[in-house]
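The following pair of complexes shares a single chain, subunit A, combined with subunit B in the former and subunit C in the latter.
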Partner chain A sequence: MDINRKNIKNFGIFLLPTVILYCLVMIYPLLNTVYLSFFKWNGIGVKSFIGFSNFKEILLDPIFWKAIENNLLWIVLSIINPMFIGLIISVLLSNITKGQKIYSAIFFIPVVLSLVTVSLVWGLMYNPIIGPVNKILVVLGGKSVGWLGDPKTVSLAIIIAGNWTYFGFCTVIFLAGLQSIEDSIIEAAIIDGAGGFRRFFSIIIPNLKNQVNLLVINSVIGSFKVFDIIYNMTFGGPNHSSEVIATYMYWEAFKNGRVGYGSALSTVLTLVVGLFSIIYLKTMEEKA
Partner chain B sequence: MKKVISVFLMASLLVPLTLFAGGANEVKSTASEKPVLVIWDQFFPESQDKLMNSFIEEFESSHNVDVQRTVYDTDSLRTTLRTSLTTESGPDIFYFDAGPAYLGAFASAGMVKDLTKAYADKGWNNRLADWAVGRVTYESKKYGVPHEIEYTCVYLNKTILEKLGMANILVKAEGFNDVYTLKTFEDYENLLAASKKAGYMPIALGNRDPGRGGHVSSYLIALTAGRDKIDSIMFGDNSWEDPAVVASLEIFNDWNKKGYYIPSTNSVSYDEANALFFNGTCTTNPTGTWLIADILDQAPNSGDYVICMIPSVDGNLPLAGGSGIGSAFAVSAKSKVQDLAVEFLDFITDKKNSEKWITQGQVIPANTEIDTSGMDLPFMMKQAIEGAALNHCYNLDVVMPSSFNDAWLSGLSAMVNGDKTPQQVAADMQKAWVSAKASGDYWKAK
Partner chain C sequence: MLKKLKRKTAISSHIVLMLFSLITIFPLYITFNMAFKSNQEILTNVMSLPQAFSFETLKTVWIDKGFSQYFMNSVLVVIPHIVIILILTTMFSYGIVFLQIPYSGVFFTVVLVGFMIPIQAVIIPLFYTLTNLKLTNSLLALSIVEVITYIPFCIFLLRSFMLNIPRSLYEAAIIDGATDYQLIYNVILPMSKSALLTIIILQFKNSWNEYLLPLVLLVNDKMQTLPLGFSRLQGGRYTLNYNMIGAGSLIMSIPMIIVFLLFQGKFISGIAGGAIKE
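Our next item is the complex of A and B:
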């Protein structure tokens, strides 16, 4: 299409309502949050300008660093676990024709569940008295564990519940990727004598690069933003051991009445996620 | 064609703008021109929900008003109210935590109507208990109407007591008909030990939800320190590292080490702990009088339970729990129907309706005009009403700043996991208290 000045003007006019709405619900709140991070404010009284004090406090805040540690744990385990499980299941599904759609739908169910529902269900699953997880442990000769009450296990327990809601999404994405690999490539590999493992690592995995990139970015952003499941299962406890940036930011802003500090935490989170996205995409572009 | 496009674009611009517009400066009204009174409350137990609806129906029939009511859980109301009160679309009346970090903060910010004149005009100074009114007073002005007197206590499962052969440890408190206590604090600890030995869980504590351990800790502080000492810390120069406070934390910790709490108590929620108490798995439940409505609604046999006020640890302090008024009614400073709101509050806290709160809502109102002697009440309600006359201490998490509560309650969780000692928790509490006082974030009653 020949884009001339008149077309550009029409494009602009058509885009304008959406741009205005986007600015109102996305850009304005973002800029307002950054603005608030330079103030001491309880959300209802007078704001006091305090410069970078909130950011200085963040650097010295042990709970912030614990939250970052937990976010990084979420990232690592949310990349490895659900993607690995999703890949295995998608490879298995790609080898069947009968029932493939039904199995895909079943594996996708956790993805569409509300995280509040997931929190309630897994909270009961982990219950030290009546939960099935501990009952199975005891039957196998182990001891009941306070999964959500022990700082050593709480983050892992919640991450497992969170990963459960994500592996179905990975399965569907990988399945679509597998189905887009040309049969001729696989057949050629078979003719050349490549076995199952060789085909998997040398042909299938490289051809799923785009899907892997998509899921990695999705996992990282989701892991930085994770909130509902942690808030509903443990409120970030015990003693902040399952805290992540989003829950800490919420707690400070809305429970402790420190909106300025919560905004500063939110600003830091935005910067970290933004920086990661830029670096990752640039790296992928260069590799391509 | 150009005209069609222009009209379409104009419409698509106007539609989102109308979302942000709207009647902000008008009194809310319905199609029938009646003023609208918006109420947000937390009366979600079935009995209280029905009662509130009946009050609204009666008020609407006698006043030219349409009342719109929304019920929130405590957590949601705490977050929603903070933003909604700054807009015109918030409630006219809200039922909210009366503590300095909550209603007090709103009062300081000018978001809540000063009701001092309403108190004088409506005679509320004579109607409502002095100490309860004190909890909604900030810098000598009254910003709320106390409604629900509550205090920490221990519920005992009488059936388990009988099975343990310990039903006789319960005695009537001196000067009271229905307030039960024990002869000594050791009697309670002996009961806990016997329960554990018999295979019961002695204490139904689920500490996963923030604050639940705090109720037990508040109660223990009342039993070791007493009202005067706590006042000397909150309003004087004493410290949370006082040996009496540390002693209370040591008892909390000791009970955990002896396995008296529900196993992995930090993993168990408040509702799960109560469910275990209701199904006869736990012997005692140290919580508060607010649980009466839930016991009557949910427990298979509410007659199994009795309230017991535990004696002080050294036996020298008066019988007391940690008291509060929970939530209080308040009127938004931005309400356009403030007079109607005050009328409604006068209506639901009068003598007749206060009696209904007792008999139908299992709430102990702050109204001092009520005579309960002729009422047919569940026994626990009679106990709770009579026990309100005790010289209670404070339910600390309602009157202390959020930063203090965070240090204290997180500290309790850490103690349960063996990560902190009672001395460390007391030191953290004091550090948070000093910091809160320095930034002015504490209850200034006068």
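Our next item is the complex of A and C:
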């Protein structure tokens, strides 16, 4: 068999099945989403071409801007809270010799749970009648808060639940980074008289630069894609106050019968996520 | 010297770590606890252990609320999903690493782009296409869609693993007259065991927990997977089905937690693998 026919046969057997499915499930629908975003369509009737009107409407849509605001809040708080807690825990873990594995397991359990479970678990935690969060607040002398029902607190409350599923991830990433720091470097610093704080800021933090970069980009991408947890805790409510782009897009396309507008929202989301994913891959490449 | 310092700080570290552990576990303790309590008991004291362990709620949720059906559906999505993704990932990675097919670099890059495409980018047309093909409510169709959304990372992982297998091994086997399939089965797969296990565990987690795809693609009540069936128990933001939510959480999480504890190392390195490449 000559080399060309062998290549074609190998391509057909080894690559083609994946390539075909990939085109059907990814490439074609992706292009189709962009296509649909130029139409007004309710999902059943006739599609009517309206040019860039959907995108113009997005720019003037207060719910879209509320969603963007919430996505940004998710980004900021998913960078600050879980990374800060993860960093502290990983430093503590690197201080001990026994029990590291058990602690890591405990902190990692929320990472592996389904986000639906997380939503319902935290729904109970914030529940106005039985919720332990308010009970503890009251015991500590505070006032009951209507966490998920109050537009002012709802996003923060959901983000804290989201943070709970993410700090264990940050912990193991940081721990891997800490373990790659040579003991001799730290010992040298101790001999030079550097105290705990000094060692933390002069040795540990600079050595975790890669991990920090990766986690920041990961938080950004994850925060733009967030859907399950918000949808299951509040459906984006009350009155759109916890809406993000993904929940708003689902609402418009699948519940509100505005498929074209939903597609335009999803096109915007794809562009943003795609942009940050490229940065992410570039960072990974540099590290490799 | 470092050891001495570590011994000095170990006890205080343990205390703080235990505190963090308790805070982490607390929401799960509260929830799983409810599975064994009556709603009356939950209302009077939410934090204490159940006075008498009752398995009634678990039974109700499993039988009357259809969780046995949802559980089966989830299994029927997860297993084909893992089998298909393993076959396609192995074939594709072997093809681009060993077979020197022209343009395989291009195909690899194109598939890798899937890494950047969020599921929201494709879900709307996918729903209408599958509706037209009468494939909504098909568990198999759902598992295949899930395969494609997760395959970029799996190929990425297995390919870098295969690149470390010496090419001389491949050439020697071909000269000995082995076919590609014999080679894959007898040499490549055993040597890639660690990467394959990571893929299996990771995909078990991803497929078991998948929410948006089944939410859109499985319309029929009888066809729902566990996360969907579970979210229906909620019944509004201020639910009163406390004990049922507790029981549902337990049924949903236990398989996951068991698999996680059995393969903790693989699990963590697999999930972290998306961020840290070794």
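Methods note: the second predicted complex is superposed on the first by the 251 of 288 C-alpha atoms of A that agree within 3 Å, B and C clash if a C-alpha of one lies under 4 Å from a C-alpha of the other, contacts with A are read in each partner's own complex, and residues count from 1 in each chain.
Simple rule for what comes next: a contact is a pair of C-beta atoms (placed from the backbone, for glycine too) under 8 Å apart; a residue touches a chain by one contact, two chains touch by 3 or more.
Note that the coordinates shown come from a computational prediction; the quantities given were computed from them, not determined experimentally.
**Student:** For the overlay on subunit A, clash or fit between subunit B and subunit C?
**Tutor:** Once subunit A is superposed (C-alpha atoms), there is a clash between subunit B and subunit C.
**Student:** Of the two partner chains, subunit B (first) and subunit C (second), which one does A:64 touch, if any: first, second, both, or neither?
**Tutor:** Neither partner.
**Student:** Check the residue A:274 against both partner chains and state whether it touches subunit B (first), subunit C (second), both, or neither.
**Tutor:** Second partner only, subunit C.
**Student:** Looking at A:132, would you say it contacts subunit B, subunit C, both, or neither? Reply first, second, both or neither.
**Tutor:** A:132 sits against subunit C, while subunit B stays out of touch.
**Student:** Once the shared chain is lined up, is A:261 touching subunit B (first), subunit C (second), both, or neither of them?
**Tutor:** Neither partner.
**Student:** Looking at A:93, would you say it contacts subunit B, subunit C, both, or neither? Reply first, second, both or neither.
**Tutor:** The second partner, subunit C, only.
**Student:** Between subunit B and subunit C, point out the one touching more subunit A residues.
**Tutor:** C
**Student:** According to the stated criteria, A:20 is in contact with first (subunit B), second (subunit C), both, or neither; which is it?
**Tutor:** first
**Student:** By the touch definition at the top of the document, which applies to A:43: first (subunit B), second (subunit C), both, or neither?
**Tutor:** After superposition on chain A, A:43 lies in contact with both partners, subunit B and subunit C.
**Student:** Tell me the contact category for A:248 with respect to subunit B and subunit C: first, second, both or neither.
**Tutor:** neither
**Student:** So, does A:174 touch the first partner subunit B, the second partner subunit C, both, or neither?
**Tutor:** A:174: touches no partner chain.
**Student:** Please state which segment of subunit B collides with subunit C in the superposed model; the candidates are 9-17, 27-35, 81-89 or 225-233.
**Tutor:** 81-89
**Student:** Taking the two structures together, which residues of subunit A meet both subunit B and subunit C?
**Tutor:** In subunit A, residues 13-14, 17, 21, 24, 43, 123, 127-129, 148-149, 234, 237, 254 are touched by subunit B and also by subunit C.
**Student:** Taking the touch rule as given, give the residues of subunit A at its contact with subunit C in the complex, in rising order.
**Tutor:** 7, 10-11, 13-15, 17-19, 21-22, 24-26, 28-30, 32-33, 36, 43, 85, 89, 92-93, 95-97, 99, 101, 103-117, 119-125, 127-132, 135, 148-149, 164, 168-169, 172-173, 176, 183, 186-187, 190-191, 211, 214-215, 218, 224-225, 227-228, 231-234, 237, 246, 249-250, 253-254, 259, 262-263, 266-267, 269-270, 273-274, 277-278, 281, 284, 287-288
**Student:** Could you list, by residue number, the parts of subunit A that touch subunit B in their complex?
**Tutor:** The contact residues of subunit A facing subunit B are 13-14, 16-17, 20-21, 24, 42-46, 123, 126-129, 144-151, 234-235, 237-240, 254-257.
**Student:** Any idea which subunit C residues touch subunit A in the complex?
**Tutor:** Where subunit C meets subunit A, its residues are 1-2, 5-6, 9-10, 13-14, 16-17, 20-21, 24-28, 30-31, 34, 42-43, 46-47, 88, 91-92, 94-96, 99, 101-102, 104, 107, 110-112, 114-129, 144-145, 147-149, 151, 155, 180, 205, 208-209, 211-212, 216, 226-227, 230-231, 233-234, 237-239, 242, 245-246, 248-249, 252-253, 256-257, 260-261, 264, 267-268, 271-272, 274-277.
**Student:** For a test of understanding, state which residues of subunit B touch subunit A in their complex under the given definition.
**Tutor:** Touch list, subunit B to subunit A: 5, 9, 12-13, 16, 20, 78-79, 82-83, 85-86, 101, 105-106, 108-109, 111, 207-210, 262-269, 272, 276, 281, 402-403, 406, 410-411, 413-414, 416-417, 419, 441.
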